[in-house]
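My questions will all concern the structure given below.
Order of writing sets the labels: A, B, C, D, E and F. Residues in every chain begin at 1.
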Amino acid sequence: MKRVLLTGAGGNLGRALRKTLAGWADEIRLSDIAPIDDLNEGETFVQCDLGDYEAVMSLVEGCDGIIHLGGISVENTFDSILNGNIKGAYNVYEACRRHLAGRVLFASSNHVIGFHERETCLDADSPMRPDSMYGVSKGFGELLARYYWDKFGVESALVRIGSCFDKPANRRMLSTWMSVDDFTDLIKRVFAADRLGCPVVYGVSDNPTKWWDNTKVSYLGWNPKDSSAVFENEPHILEEVVDPNDPAVRYQGGGFAAAGHFED
Amino acid sequence: MKRVLLTGAGGNLGRALRKTLAGWADEIRLSDIAPIDDLNEGETFVQCDLGDYEAVMSLVEGCDGIIHLGGISVENTFDSILNGNIKGAYNVYEACRRHLAGRVLFASSNHVIGFHERETCLDADSPMRPDSMYGVSKGFGELLARYYWDKFGVESALVRIGSCFDKPANRRMLSTWMSVDDFTDLIKRVFAADRLGCPVVYGVSDNPTKWWDNTKVSYLGWNPKDSSAVFENEPHILEEVVDPNDPAVRYQGGGFAAAGHFED
Amino acid sequence: MKRVLLTGAGGNLGRALRKTLAGWADEIRLSDIAPIDDLNEGETFVQCDLGDYEAVMSLVEGCDGIIHLGGISVENTFDSILNGNIKGAYNVYEACRRHLAGRVLFASSNHVIGFHERETCLDADSPMRPDSMYGVSKGFGELLARYYWDKFGVESALVRIGSCFDKPANRRMLSTWMSVDDFTDLIKRVFAADRLGCPVVYGVSDNPTKWWDNTKVSYLGWNPKDSSAVFENEPHILEEVVDPNDPAVRYQGGGFAAAGHFED
Amino acid sequence: MKRVLLTGAGGNLGRALRKTLAGWADEIRLSDIAPIDDLNEGETFVQCDLGDYEAVMSLVEGCDGIIHLGGISVENTFDSILNGNIKGAYNVYEACRRHLAGRVLFASSNHVIGFHERETCLDADSPMRPDSMYGVSKGFGELLARYYWDKFGVESALVRIGSCFDKPANRRMLSTWMSVDDFTDLIKRVFAADRLGCPVVYGVSDNPTKWWDNTKVSYLGWNPKDSSAVFENEPHILEEVVDPNDPAVRYQGGGFAAAGHFED
Amino acid sequence: MKRVLLTGAGGNLGRALRKTLAGWADEIRLSDIAPIDDLNEGETFVQCDLGDYEAVMSLVEGCDGIIHLGGISVENTFDSILNGNIKGAYNVYEACRRHLAGRVLFASSNHVIGFHERETCLDADSPMRPDSMYGVSKGFGELLARYYWDKFGVESALVRIGSCFDKPANRRMLSTWMSVDDFTDLIKRVFAADRLGCPVVYGVSDNPTKWWDNTKVSYLGWNPKDSSAVFENEPHILEEVVDPNDPAVRYQGGGFAAAGHFED
Amino acid sequence: MKRVLLTGAGGNLGRALRKTLAGWADEIRLSDIAPIDDLNEGETFVQCDLGDYEAVMSLVEGCDGIIHLGGISVENTFDSILNGNIKGAYNVYEACRRHLAGRVLFASSNHVIGFHERETCLDADSPMRPDSMYGVSKGFGELLARYYWDKFGVESALVRIGSCFDKPANRRMLSTWMSVDDFTDLIKRVFAADRLGCPVVYGVSDNPTKWWDNTKVSYLGWNPKDSSAVFENEPHILEEVVDPNDPAVRYQGGGFAAAGHFED
């Protein structure tokens, strides 16, 4: 890769990937709505509100790949989601169409399917059932990506990220956790694949408990190596008490599915 | 029904339904972004931009059903679609959540599945493949409706309207045509059903050629009575020349699938 | 047909079929746990507790077909169900195995699938989800029939009867109603078919609203002719008020699904 | 249609179609391995062994549609089948590729699926299970047609003809019968469709008992109008005695499935 | 776990589990129809005929989990099966409903699906096809469990046990064998899962040859560690001669499927 | 095994298998259209044109298993394919029927499904979409094998071989490569299985990228041990440049799908 754009580079996940992707591309162009000033070698930075059409056109131009983490990453007001995730996604895909930016890894979310029950095994063809306005906006992004693929040939991986943190913060994440290393490996495979198309990939490590089946995208060759098993006996996991009838336990989206309407 | 809201009442379809629904409810509250001044008995009018949150809250309050035709109904600029179909749909569902407005008939579109090929028989579980930004926005509306159903219990019929005109304007519409009378019957059944849930319904008459299978919603009891067969021998149908390899013929979305990016 | 056994002949459905099946077979052997003394020409009667093994062996011997309506037909105590529906079904199938009695029409019930939601369209392969101990016992009967087919070649039609009455008694039955004439026609087709196998058939007329799809058994040639549409405007239908969130409305089993444990 | 080629025109089905298709095309070019000398207006004749490559090239050239009935139509020696159905089909498709002959209606047969049991409802995606070498050769033809569609864009309707005779000759044909008029209507629709692709169509009338479901090709608009019901009470039907365990009754292919290896 | 009930504790499998589960719960309450007098620390014993309603109510009261192995575990007379497996299962589930006993691990059997052919890969949604009255009774138990889940919220794991012995006794068991350790691990996971629901689990180790796919219950995190591969070269395995057309080889149920009616 | 026939023994794959299968059977009878004169102990040779009926009858007689690699193994003229793959396959199966030769391992090819797109995950039930006349002929062979199984009980494994070479020759083969050792293991398992039936098996090693899912044949116990991963960094792999829109990349059949009609 010559120049890859990493949007949302200032968030937790963006910061983590800056480390693991170091050296992968000649240049990683970081963007975020907030300033980033600790650039490493091989990194450049462009401050950008993804809701700003012209700014995104400039941002994407000259890149040959996009890792699109930017926008709002949890439930929020509709206005915030509208700007970051609806306008933002549109702007990014329009920029791809206009500037031939190569492939996109779109950071979708498990919250597009969060209203499926935990005992339902999902795959790429399971219907979307968002658990939040955040989830609805990520579903919009997936439809958009599909449209740009069907009509304009823009290849995208729609990665429904589970929980990409250093380690599982609670019992639910034993099932949804994806290590940063596994995600990094997925990113590299997405851009290295001879052909990508527009697949749905569940972004999750090789945990003992699984809700999602990636068999349909085994053509990508992604075989996660980490597992949440090593965290099963940590105190915050062992001591958490759960009720199987709690909506946060019943539904895959966890707390997102259990929450009411977002209030400022 | 006591008071039903009909959004987009000033459009062609809205005008047609005003006639066929006359007398069905005690009051039909019409709304449109443009003025309507030819009110009939039983009709009231509220001018409203669906993108205006507070205006929509007022509009919906006191209604016990919504026929939501409003917004943009063909491909357009992203800004227009964003206001009418994204913000507009959000505002309508938020109003339902806040004001318990009863059921919604959401006028979705065949353009959410327009990139399926014509020889593919679709049903309610077929994946969305929008053929336009308009189609993407209608897909957003369907996800939104599903979310408000799963979390807040708002019942909606997601009617993927084919082509609801007086008669088929071209050969493609022989397959996609829905008569206004059949749509009217569907509307009445949606609101009369003992239980609705959140089904996907293909809005199409009993035409000889069929692309869509409504078997999964036969619990609604909608059995269209009209057929495009009576128009098969009209000159504009007989004389139209089509090429099976033309994208407008290959894909279900017709001209929407064949068109490039919308330019102002 | 020479001699057909009709079990449960003293019940409402049995009495109705005695009329519509008159003359169909040389002899219809009626059985019931209670006496029947109004025999018509071509009818014989054997009083029999279906839970009595030897009595059932005698009852079945010499028959070349069985219409098995006998046993308990609504929710009841486990002991009653055990005797009539568990032991009773076993005795009938054992008698078939031992005495080669020809085909069986087993009166199963929609209550074997009563915990599916109303907006779910079912067919012969949908999983059983009984809504009552009565439903569980009918599911046992279906498994038993399948076993006698797979191992001993006894052909059975497993008819999941909706509501077989003169007319729909409530709004739910607009969807579940089967006319006695349609059932009679089904019975005749089951015994006349060149090959039966062991199919699941939903016993329902050609009602406007449908929950069940019999496409998979169209090899039987049963095309119901009656419809509940003619009853839609009767006062007891029009005046019934339903709540879509009532379990009796949400689930296909209606009141059976909504009821708690049966108490004597 | 200007010039349509009808192969196998000398067979029973060919003769029947010559009558019903009269006047449909400017010219119907008949071919057969045996002479035909009773030409009507609008008919021309070319004697041709379909196994003769050069002869088939000439035969097809200049036609804008092919109704390919030619070859062997029942079980026969492998050599006969090889010449008529394997070489013959190859030659016809090669001629289409080389001479752009328009669409093909390929007369396939129910014998490509004849080893499915009668109580299995099939559709276009059911796996092939041929019941005879004849059936295997028709399966070869379907694969060939699919290949010429996928690679060279030749459109074909693969019509798995049931039993196309004046009337059902036996009880099995009550389910498999297709009237000549219904077939004629199908032929016209196949050539008139705006887009055909390469669908599998079960060639069967609207009989009371059905084994095959054409829902997936409802985009063709073929709705058969005849029914075997009118023949149910003919003596040869009423008097036929069948055993459900006879392979000829158990399997859809009837006598073809029950027969052993073809001996000269 | 505080107090877990182990029914059928006197059988072979019960005795094995007493060892492997030692120390897992504060108390393991053993029950059997025959006396057990070699109690270990942490074990209590209650002699009980599972067909005795009141006895089962007492037995279950105060437990917070049930491992239900009790009843008849091979083909037997209908009366024995009726008492142990039909009445017994009903009594256990009624006791759960009345006394809130927590989860149930229901020892179902591969014999509920024993009439599927060996080359058919099954999963949790495959239709039941019992191979014996024993298999029918286990199917009854599964339906019962599903009913108590749907209506009363009792969680159950329906474990279709293959062959749980020290080692495979014959060639068939190379595919059906489950080690006691793997079963023990499954038991612990069933009771430790944050949410169980009512899943079907195939009880089988990680053998080289597999008939059953547990992907749909991967949310349980059960990954068997043992394999029958280590027994492949034992003399009783190597020397066994099998005929692929023997019903005991053709059907998954093995000898159960091949046996005739059980005779005392 | 006593005497196993290996057809096509003179080809590359045949030569490789002669080494790995050495000692497996008492006798391996080699056949090829060209002479083989380097026989090892335990090998015999019969020169044979598979298109010669009588020669094949003699060849097969006395064998208790056939590994059928013979015929044409890449695209070729129709006449060559007709002789080697159509007549040849027929002759082999006829010989099995007549001489009870035991099981057949039929070397089918990925080219029977070569027109599926790379991002489509296939299994044994995916429809055939041949990419060449070679692929069509292998599809014919599969249909033939199925027919001889359904009617005459001849067991066959239909192995859709990916690319069986020493190592992957290009990037595509990273996904399609099967090592000779893995193939050898598959062959042994096919003949050792207690029951085979007529399964479709994808012949591919445990490569990182996978297009084909063999879950449905896990009853065979074949778990490939080799992987193309060890070749990923070889120069000819690293340096190959591919275009995702090239038909040879888009379709699973690679160059076969991209090629035009075969010209001598």
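Here, a residue touches a chain if its C-beta (ideal position, glycine included) is under 8 Å from a C-beta of that chain, and two chains touch if they have at least 3 such contacts.
This is a predicted model, so every value here is computed, not measured.
Peer 1: Shared interface numbers for chain A and chain F above half of all numbers used, same, or below, different?
Peer 2: different
Peer 1: Quick one: which of E-F, D-F or A-B reuses the B-C interface, over half of the residue-numbered contact pairs in common?
Peer 2: That would be E-F, since it shares over half of the contact pairs of B-C.
Peer 1: Write the angle of the rotation needed to overlay chain D on chain F, where the fit uses Cα atoms and the result is rounded to the nearest 5°.
Peer 2: An angle of 180 degrees brings one copy onto the other.
Peer 1: Taking the mean of the C-alpha atoms as each chain's centre, how many Å separate chain C from chain D?
Peer 2: Distance between chain centres, rounded to whole Å: 41 Å.
Peer 1: At what distance in angstrom does the C-alpha mean of chain E lie from that of chain C?
Peer 2: Once rounded, the distance between the two centres reads 32 Å.
Peer 1: Tell me, which residues of chain F touch at least two other chains?
Peer 2: If we look for residues of chain F contacting two or more partner chains, we find none.
Peer 1: Chain contact topology under the given definition, line, ring, star, complete or other?
Peer 2: other
Peer 1: Taking all chains into account, which pairs touch?
Peer 2: A-B, A-E, A-F, B-C, B-D, C-D, C-E, D-F, E-F
Peer 1: Can you tell me which positions in chain A touch chain B when the two form their complex?
Peer 2: 78, 82, 86-87, 90, 94, 97, 112, 115, 125, 127-133, 135-136, 139-140, 143-144, 146-147, 150-152, 257, 260-261
Peer 1: Considering the complex alone, what residue numbers of chain D touch chain C?
Peer 2: It comes out as residues 117-119, 121, 171-172, 175, 207-211, 213, 242, 244-245, 249-250.
Peer 1: Write out the stretch or stretches of chain A touching chain F in their complex.
Peer 2: Checking each residue of chain A against chain F gives 153, 155, 193-197, 199, 215-221, 223.
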